[in-house]
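Each of the two complexes below includes subunit A, the first together with subunit B, the second together with subunit C.
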Partner chain A sequence: MELVLFQLLNGFVWAWVVALMALGLNLVYGVLRIINVAHGAFYMLGAVAGWVILEQLQGVSDMYILNFALALLGAPLFVGLLGLLLEWTVLRPIEGQPVITIIATFALLLILQQGVQLLLPGTQQVAPPVAGGVEIFRLRYPVYRWVLAGLSGLFITFLWLLLQKTRFGLWSRAVRQDPELALAVGIPVPWIFGLTFGLGVALAAVAGVLTAPIVPVEASMGMDILLDSFIVVIVGGLGSLQGAVIAALILQLAKGVFTIWTAPVAAHALALLLMGLLLLIRPQGLLGTDAD
Partner chain B sequence: MLTCTRRDFFRTAGAGLLAFALGPRASAQPKEIVIGHQAPLTGAVAQFGPWHNRAIRAVIDRINAAGGISSLPLVLVTEDEASNPEIGQDKFRKLVLQEGADFVIGSVWSATNLATAPLARELKTVYFPQGIATEITGEAGNRYIFKSYHTVRGAVNAGARWTVENLGKRWTIVASQLEFAQSQAADWRAQLEALGAEIVDVITIPFRPADFLPYVSRVNVDRTEVLYQAFTALDTIRFLQAARDLGLHERLKILGLIEGIDVLDTNSPAFEGTYYITSYPRRASQVPEELQELDPVYRRSLDIDEEGRSPQGTVVPIADLFGSWQALSLIRKGIEQSGWQSKADNSAFIQALEGRNWSAGLEFPQGDGFLRPEDHLAFHGHYIEHVEKGQLNVLLRISRDASLYSPLIDYTQQEL
Partner chain C sequence: MRKLFAFGVVFALMAIAPGLLNPYQLSILLKILIWGLFAMSYDLVFGYTGLLSLGHSVYFGLGAYGAALMMLQMHPGIAISLAAGVLLGGLAAALIGLLAVRSGGHGFIIVTAVTALLFYLLAQSQRNVTGGDDGLTLGPLPLQIAGWSAGCADPGPAYLLVLVVAGLSFLLLYALVRAPLGLALRCVRENEPRAQALGYDTITLKWLAFALSGGAAALAGALYALTNCHISTALFHWLVSADALIWTLFGGMGTLVGPLLGTGVFFILREGLSGIWQVGYPILVGLTLLLIARFFPQGLLGIIKGLGQTLRGFSR
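Moving on, here comes the complex of A and B:
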């Protein structure tokens, strides 16, 4: 029974990270109609930038929690600005050509990955801002993972507020529904494109910094989670933000539950099988509209 | 104006190519002894390659300063095998065929060693693999392979009795999928059964998993007394952190081989209270008395301080480097005793090393040792070390005889 609870809990925590990734991917797809293959590289870049910031701050301040908070804000800011720049220079000129866009983002993935490999070979380790475990209902679980789930949830809430309650959100939703009409009513569509791409990859960077203390930080770290995020986006329904969160929960909880009976590698395969079945039942995704 | 017909061009180019192809082999009279190093300078075990290279260089410099071996100077040629068996094979071929290496010191990556062993026989070149998978001195090896330092089974045998008697009788083994870790799992299983201990569970974990918790949570804490872990450096930290987060440190004794942590700083809560079977103390203060004169010489020539760190402050795999150091010392002994002049004398060289004994000295600062004739495997002393207040302390010194096991093969029956 304890093992069941434990695996469920662990699946629940990972679900929030995957949801954060998937939301970024989905946001970019919803507004720009771009399938961003480089999303995993931005996740990796977030983790690496977070590590660099922590290394730089090491001599300056002894408050590790404060340093970590700075890394959690600084790394996504850096990655977001880079995303803004890349949308402008790389993706803007090939707007509206889906195949070339996929190739271009794949190229970005390779460039970012190999660039990091070149500048920072090997694997880095980031210490968690809070160490140790706590016992709740006779179940011991690392404190930092609670923090991780909480912060991911917090960022997801921020995103929701941003999209629902601000002018940027309103404009962004308008562009998502009909870019031409949005342009006609005076919305600065090119800016919305750029900012949305920057925001999307910044979310990946947030996920990167948050998971850095529990995974090895290295150039190829974004690949596994990228696959999970794509699966979650498709099963949740392309463009549907709530769908992505629900699909992330289903995928990760299934992984956790299957881990109780089989080895984690087989559990992953079984969880993917379940996602495939869901897609057979609802080809448009859990909350997707058939327009996509 | 210079004129050059097509025929002239091909004739000159052909002659040039032929000379290049025959180059290393054409010089029958040796002017030098070429030592090849198949080094993991990049990839999974990149932390080890440069250090082994440095150790080899240090010994070569010392030998050359004293006039070389049989008045022939040593020359080092290094190739990066990228912790990859296929690249390792290519680089071994390159070292032997193109660079004319007379002897090759191998990677610490066991998969590369196992892939290279057949080539050593094919190219009739003596190979000193530095990985510790037990298989390399068994069916996977051959008479051209010399293991100048222990294998997994040697270390397991050395530590088994004491750990079962003092740490506990009910064991859970948690091991990476990698060769050297699976080698540990298999060897412990056999040893524990022989000593009457119980194996509660064996948990295999892929190399660099995204998350350790789902695996570590499967450890049966109530039934287990000793948790044995077998990983490479980075995975070891992540495993130990996960174990600590789940509170296993307080409830079980955690044990491993030094190879899993020999580039790691133990001054972190994740290491506190863990045990290791090692082949040399990391800290100078822990070195046994009879080796205390040699220890500073060894450390100084590799630029390692009394706490086992480099001048840059990184932890050096001080114990691991004896493998390369002793390989060169053995090459010297073999050449001097057999009168080796070129690879044509390799059989005399091999026979000279089979069954070789040595005692502690500048060439063997780790201590007395013995190279068994049947499987070409070195046996030497071991230690049990324990992390207290962030530092490794020696609890016990184990004699080389405790690590002896019956040979898996008899190379002396193989033709040369």
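Moving on, here comes the complex of A and C:
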């Protein structure tokens, strides 16, 4: 019974991380029409940047929670600015060529991942900002994992508010619908492209910093979560934010439930099959309306 | 005719290679032939039909495991083992293709990537069949030509076998892309709605390209399993498909010769560089890809053709 509950809670927590990742992918795809294969590398970069910030702050401040909060702000800011720069230098010149763009983001993945491998070989550990556990139904579950799910949800809410209630959100939704018309009515479309890409990869970095205390921080850490996020985006429906959250919950909870009966690897495979089935039933995604 | 002549010259040169190269160099040439065939199979789908697949590692892996398991369990001849691999990989491609080609555009990339992840995970979880990360170990290929026998470090006559099979496959693929079918595939790549308007059944065409390409990839995998003495589940990983994409793009997509050329250059570069700077190699690949994407979308073959035209321009 405890095992079942533990797996379900794990699935629930990871669902929010994957949803955060998927929202970044979705945002970039919706506005720039780019499939960002390097998204997992930005996730990894977020975790590594967070680790670096925490290491630098270690001697300066004793309040670890504050340090962690600074890492949670600083790392995504750094990654977001890098994303802005990369969009401008690498992706802008090959705009509108889908295949070429995917290959360019794959190249970015190789460069970022191997660059980190060169500079920071091995595995790093990040301590959680809050220790201890909460007992529910006789099972002690780490407090930080609750915090992780809560913070992810908070960032998702922020993103939603940003997209629905601000001028940037309005402009970004306009560009998503029709870039040329948006340009014609005076929206700074190139800036929206750059900022959206930066925002998208910054979300991946947020997920990276948040998960750093519960996974080993290493150069290859973004590979597994990348495909999970892609699946969630597709099954949820390209362009649909709510769909991505629902799909993430289904995928991760299914993975957790299947782990009760089989080995984790087989459970992952079974969960993927389930997602494939969902896609067969609804090819446009759970909440998708877009034909493509 | 001139092209056929060029093919004959290259084939003859490669046929006498065992007399000129040491066993180590010969084994690299063998790998270039096998992975080059894989890249050519990839080109059929990516270069000619315009479908970016990240799932071709599945068919390479199934071809390899089909041939290896057949060889280990039943000990049939080489031909039957190869056929088992091609059949397994080709059938899987035909079945998965049914779903994949219907998920248009960006969906296709994700569906193929997910099949690669799925097969990788399934192969990992069935350790008693696939051997997991440790993989399966096969003996040297039971092939002897006039006392010359194949070993694990020295391909020996296995090289000639691979050369003949790869050469025949190349001719078949070349005939295929020159046939009306190849033209129809290019038509789908250039403008799918217009192809539909012309009366082409584009879904069937894409499926056909996918299945044939999967079969060719499986053949490359089967050859790999029989000559490499060892295979593992890593063959299923989507990064193996990405390798084929890199080589195809580097050599020149939609040319068949380009992917083979790209594979060769990359393998020789990797051999040369890995000793000096092993971890830096992927960075170099990444930078090369960025440069190709930005400035030379036609790849190496495109550059060579461009140079040729410039020279001809001078001589006039």
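One rule holds for everything that comes next: the second predicted complex is superposed on the first by the 291 of 292 C-alpha atoms of A that agree within 3 Å, B and C clash if a C-alpha of one lies under 4 Å from a C-alpha of the other, contacts with A are read in each partner's own complex, and residues count from 1 in each chain.
The rule we apply is simple: contacts are C-beta pairs under 8 Å (C-beta built on N, C-alpha and C of every residue); 3 or more make two chains touch, one makes a residue touch a chain.
Here the structure is a predicted model, which means the values were calculated and not measured.
Chemist: When the two structures are superposed on subunit A, do subunit B and subunit C clash or fit side by side?
Modeler: Because the two structures are overlaid on the shared chain, the partners are seen to fit without clashing.
Chemist: Tell me which partner A:Val215 touches in the superposition: subunit B (first), subunit C (second), both or neither.
Modeler: In the superposition, A:Val215 contacts subunit B only.
Chemist: In the overlaid three-chain picture, which partner chain does A:Val265 touch, first (subunit B) or second (subunit C), both, or neither?
Modeler: In the superposition, A:Val265 touches subunit B and subunit C alike.
Chemist: Quick one: is A:Arg140 in contact with subunit B, with subunit C, with both, or with neither? Answer first, second, both or neither.
Modeler: Only subunit B is touched by A:Arg140; subunit C is not.
Chemist: Quick one: subunit B or subunit C, who's touching more of subunit A?
Modeler: Touched residues of subunit A are more numerous for C.
Chemist: In the superposed arrangement, does A:Phe230 touch subunit B (first), subunit C (second), both or neither?
Modeler: second
Chemist: In the overlay, answer first, second, both or neither for which of subunit B and subunit C A:Gly122 touches.
Modeler: After superposing on A, A:Gly122 lies in contact with subunit B but is clear of subunit C.
Chemist: Go through the superposed model and pick first if A:Pro188 touches only subunit B, second if only subunit C, both, or neither.
Modeler: It touches nothing on subunit B or subunit C.
Chemist: After the superposition on chain A, what is the angle at the C-alpha centre of subunit A formed with the C-alpha centres of subunit B and subunit C, rounded to the nearest 10 degrees?
Modeler: 70
Chemist: Quick check on the superposed pair: does A:Ala131 touch subunit B, subunit C, both, or neither? Answer first, second, both or neither.
Modeler: first
Chemist: Touching A:Leu108, do we find subunit B (first), subunit C (second), both, or neither?
Modeler: Touch partner of A:Leu108: subunit C, not subunit B.
Chemist: Looking at the superposed set of three chains, what is the minimum CA distance between subunit B and subunit C in Å?
Modeler: 9 Å.
Chemist: In the superposed view, which residues of subunit A touch subunit B and also subunit C?
Modeler: Common to the two interfaces on subunit A: residues 263, 265.
Chemist: Can you list the residues on subunit A that touch subunit B in the complex?
Modeler: Residues 3, 6-7, 10, 14, 121-123, 125, 131-133, 135, 140-145, 214-216, 224-225, 256, 259, 263-265, 267.
Chemist: Considering only the defined contacts, which subunit C positions touch subunit A in the complex?
Modeler: The touching residues are 50, 52, 99, 102-107, 109-111, 113-114, 117-118, 121-122, 124-125, 238, 242, 245, 249, 279-283, 285-290, 292-294, 297.
Chemist: Given the complex with subunit C, which residues does subunit A contribute to the contact?
Modeler: 29, 35, 90, 93-94, 97-104, 106-111, 113-115, 117-118, 227, 230-231, 233-234, 238, 262-263, 265-266, 268-269, 272-273, 275-276, 279-280, 283, 292
Chemist: Going by the contact rule set out above, which residues of subunit B touch subunit A in the complex?
Modeler: Residues of subunit B touching subunit A: 42, 46-47, 204, 206, 208-211, 213-215, 217-218, 234, 237-238, 242, 244-247, 269.
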